[in-house]
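A, B, C and D are the chain letters, set down in written order, and residue numbers restart from 1 in every chain.
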């Protein structure tokens, strides 16, 4: 059993990590540090997790309980992990950070296992990708080596948990219900993260990225439209996706007549990918759960890889009937 | 044309009043005072009212623009109307207050037209009822004179706009979606308002009141279960309801095989009432829109009565197809 | 490992049973018989279960594969189980029927483990209770021996999966969204089932039962209001609930300041119960998942008991973060 | 007053037309023919329109009541209008058909007033556009004359009323809730309609069109991504949109920092358009109500134009507060 502490434990992403880790066969929960909610039970803070009677620990709990060889999953707001993670690392812990803090930092491995599995296995510090970049990159990475890409367009739709649990008018039920709205019109904060990884993979094609909020709690669909210099061969493209994900247990490349379904991956660590070609355009549709493969599920997948457990361990949840 | 100022104009109730008044044939909008949102257009503050390009006016705008014979609709938080309404009244305005401030106060007429139509016509100050009391009282009032009531139970279900637009975790989309929850278990703030009116009508029967939040934005259903000392006669009871509401244009007493539908009254000032008898229990189900008949619609109905216009003027909206 | 066949496998309840059994440590799935969907994968029929690649088996599959000592979970429409279950029983199988067919039949044990645990352990045929009766009876049973009951009122709110998966206008998204509506105004089909069990427990008090549909997929809240002949003692009442459920792993009796939350039990086999007293009225609020404790979860709980496994085995799911 | 008959009156589009026409100052409702629902009131068939007590008329009602100079709005399934409209036209009526029947037919004028206002004014037969084509064309038409277009991509998201009111599993609440899904992956039926109009406007650029269903009842957002041969000038593009829609009362070209909001146009005949340029890509986002500007609202706008009334008459509804 490896002990996993959760630092900054009171947001949606950290809570989902707690939910998964609580019944993971190889990990046991250590401290659940939340300066703002110390003393409350998880179930009091999250009515939907009422059955979880563990209490949040107070500030410095991780520092106090940490032992070499432990793991830490870090939630919390931007900047916090950058301040505190170095101490955890110095004491021999391995860290998966859910925030944006280390995603552009060479001290960390970018935690997208479908691309960086080997690096993650050896990493001390893993920067868990954002939800939009996860879906976008799963949609695009297999294509980069086989297509002459002129322009990339990503039209993404996300559930509202992607905006976090801090109350704001724009996240209220009465404002989200009945609404579809694009946001971040002149550059969403996730666009540089997607571009950075595309550059790292050798693509210099310009990117247009439009995120939208739609009325659901969890789930994310990204439609990538890739304009090529010449009409690509559909068979070649499709073969590239099947090859790329042949050994990735969580990514399903769907047959032509099946559309990715957000409901079909919600509450799981799965991703569904559909790729097709129309003239010079390759369209790739990718569905994930923004809190699953887009956050906490992927964090646990990374932990599995880091600690030498089977990649799927504790992540075999099915989605739900309704 | 009568001029209607809106004071405390930035909440859901006041916004709905603006929406209705904007196209009311006998009222014209005066100042729209909002200290916190002065300068913003209504449409910027409420994305769903983007087409409304009027700007909120700054503090004291009503005071500055008020003329004798004008009306003021007051939104704003508890206590505000109590401080400011006296000045408006002193200057010859007539006031409809959406808040709780004057609902227990003999200086005001309780603004439930189906009961106090005559008093409202002559009133300078009308305390607009809360949404739960409106539905509860429409369900109960016709019954009081004709039944020997032992116990009253009200089980009510409301859309989340009833909680207002101030951001809180419990009103977030991701917290309301998929949830049904009772609240105010040991006495909701609307219970005394219901009891106070029942007492005023001569009933001393004890009341149990349970409000619930369900995942919709607008609409309210109240199921009243009235335990009587002896089995009442269904025909007598039903006749009492039909007689009570015969001259009330907004209340529909439904036939036995039709259930009140929240969707059928949402976005209108209508109420639907169904009454039936089983043994010693009279069950009355009442559906209203919490922002319509439960707030802004009723306020405009009161204004119509106060200023001698037809009670239905400007309130003939139909609900929606879907 | 005990083999469990699912007969009539294409509805919501049976699908949820498949989802739970698929990863149950002591049960293995046998035939999944669906005359209408034979050959389709579970995931093709239920997009939300796309990851389930098992195919539905054709007519008679259970008959062909059944061995003595197997279990059969029966979905399917009213009347089907009555025709076919006798054959399964004759061949040495033990049957849990999700339909109404045997709920009033002395040949079966009523599958509410919190009341009939011992009978279920020995039963060959278990009639799994309906979702409304499950919530109603969990709310009422502890009260029957300790209160002088004059009248019972149950106001229940359910997600739309309770209406099944057969398409109808009233279950369309555009008809349920934004709606709260009572139905079955003159006697819902679940009322006799509740009354029958109350009678079996010695209560002859009259019952008023009002079911409502609200805009969510899964989950059920029942508010029971019990009118007593004299004001009961709150401490006695509360002690009765705690005692009754002390050894029931799935029922949580909540403290006075916590309301049952549908979202807190959805996707689990849990029930939350809150009891309070106001004058002569005892109010008991019970939350369950209509497809969990109200159908498939309870069926698996019954199977665990029938086959001597720990009651909670395979049913330790937590609800979800959002 | 012009009399407007509604033929095929029992679907969502026709019902919305009835709702609008019922209070239109220049039109009066004639026959409401519905072979399948004759004798029912509109409010019985559509619980949300309970206040509408008119009854559906039986088969041939329009034929019997039609007078020269009347108008007919035709709902109904594909093929029906083609059979019956000629008779109405022969008898001197003017027809607006909501179905696809005449959209590719030179005997009809394509009813997109922002492009064909003059033709519509003189037309006897108007083919009302589909909801997706309406949004797509409003997004694209101003661009065609001013950009060198290489490729058009449209990613559209629609509420479920777009699928009609005929019950199907895929439109059930429990299947749409929590879901985002692309459909029509190899060619949605609306794609040829969009292409046909683009061709008519002189554009031969290839089109990729991806419709999605999201969990809301009404509303549609289309994101058009137009790849150009060279980077267009943002000012020129924007000016083209402002010029194109300067005299179109229902189309709002938004400033750069405001995103089109589906909730802001739902229940209205408005369209919101946002245009921006990034390198060689012009992105145009257009929000409409699929039953408003995408169906019944546009039909009434066409009737206004055909009969010489002000284009906005009876179509000045605001959207809703929540």
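By our rule, a contact is a pair of C-beta atoms (placed from the backbone, for glycine too) under 8 Å apart; a residue touches a chain by one contact, two chains touch by 3 or more.
Quick caveat, the model's predicted, so the values are computed rather than measured.
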item	value
Which of C-D and A-D has more C-beta contact pairs	A-D
Interchain centroid distance [CA atoms averaged], subunit B/subunit D, Å	35
Separation of subunit A from subunit D, taking each centre as the mean of its C-alpha atoms, in whole Å	38
Centre-of-Cα separation between subunit D and subunit C, whole angstrom	45
Subunit B residues counted as touching two or more neighbouring chains	12, 47-48, 161, 174-175, 177-179, 181, 215-218, 261, 263, 266, 322
Pairwise touch network: line, ring, star, complete, or other	complete
List of subunit C residues in touch with subunit D within their complex	12, 47-48, 159-161, 165, 167-169, 171-179, 181, 215-218
Residue numbers on subunit C that touch subunit A, as the complex places them	12, 15-16, 19, 22-23, 43, 46-52, 161, 217-218, 252, 258, 261, 263-268, 270, 272, 291, 316, 318-322
Parts of subunit B lying in touch with subunit C, wherever the complex brings them together	151, 153, 155, 157, 174-175, 177-183, 185-186, 206, 208, 210, 212, 214-219, 221, 223, 225, 227, 256-257, 259-263, 266, 274, 276, 278-281, 283, 285, 287, 322
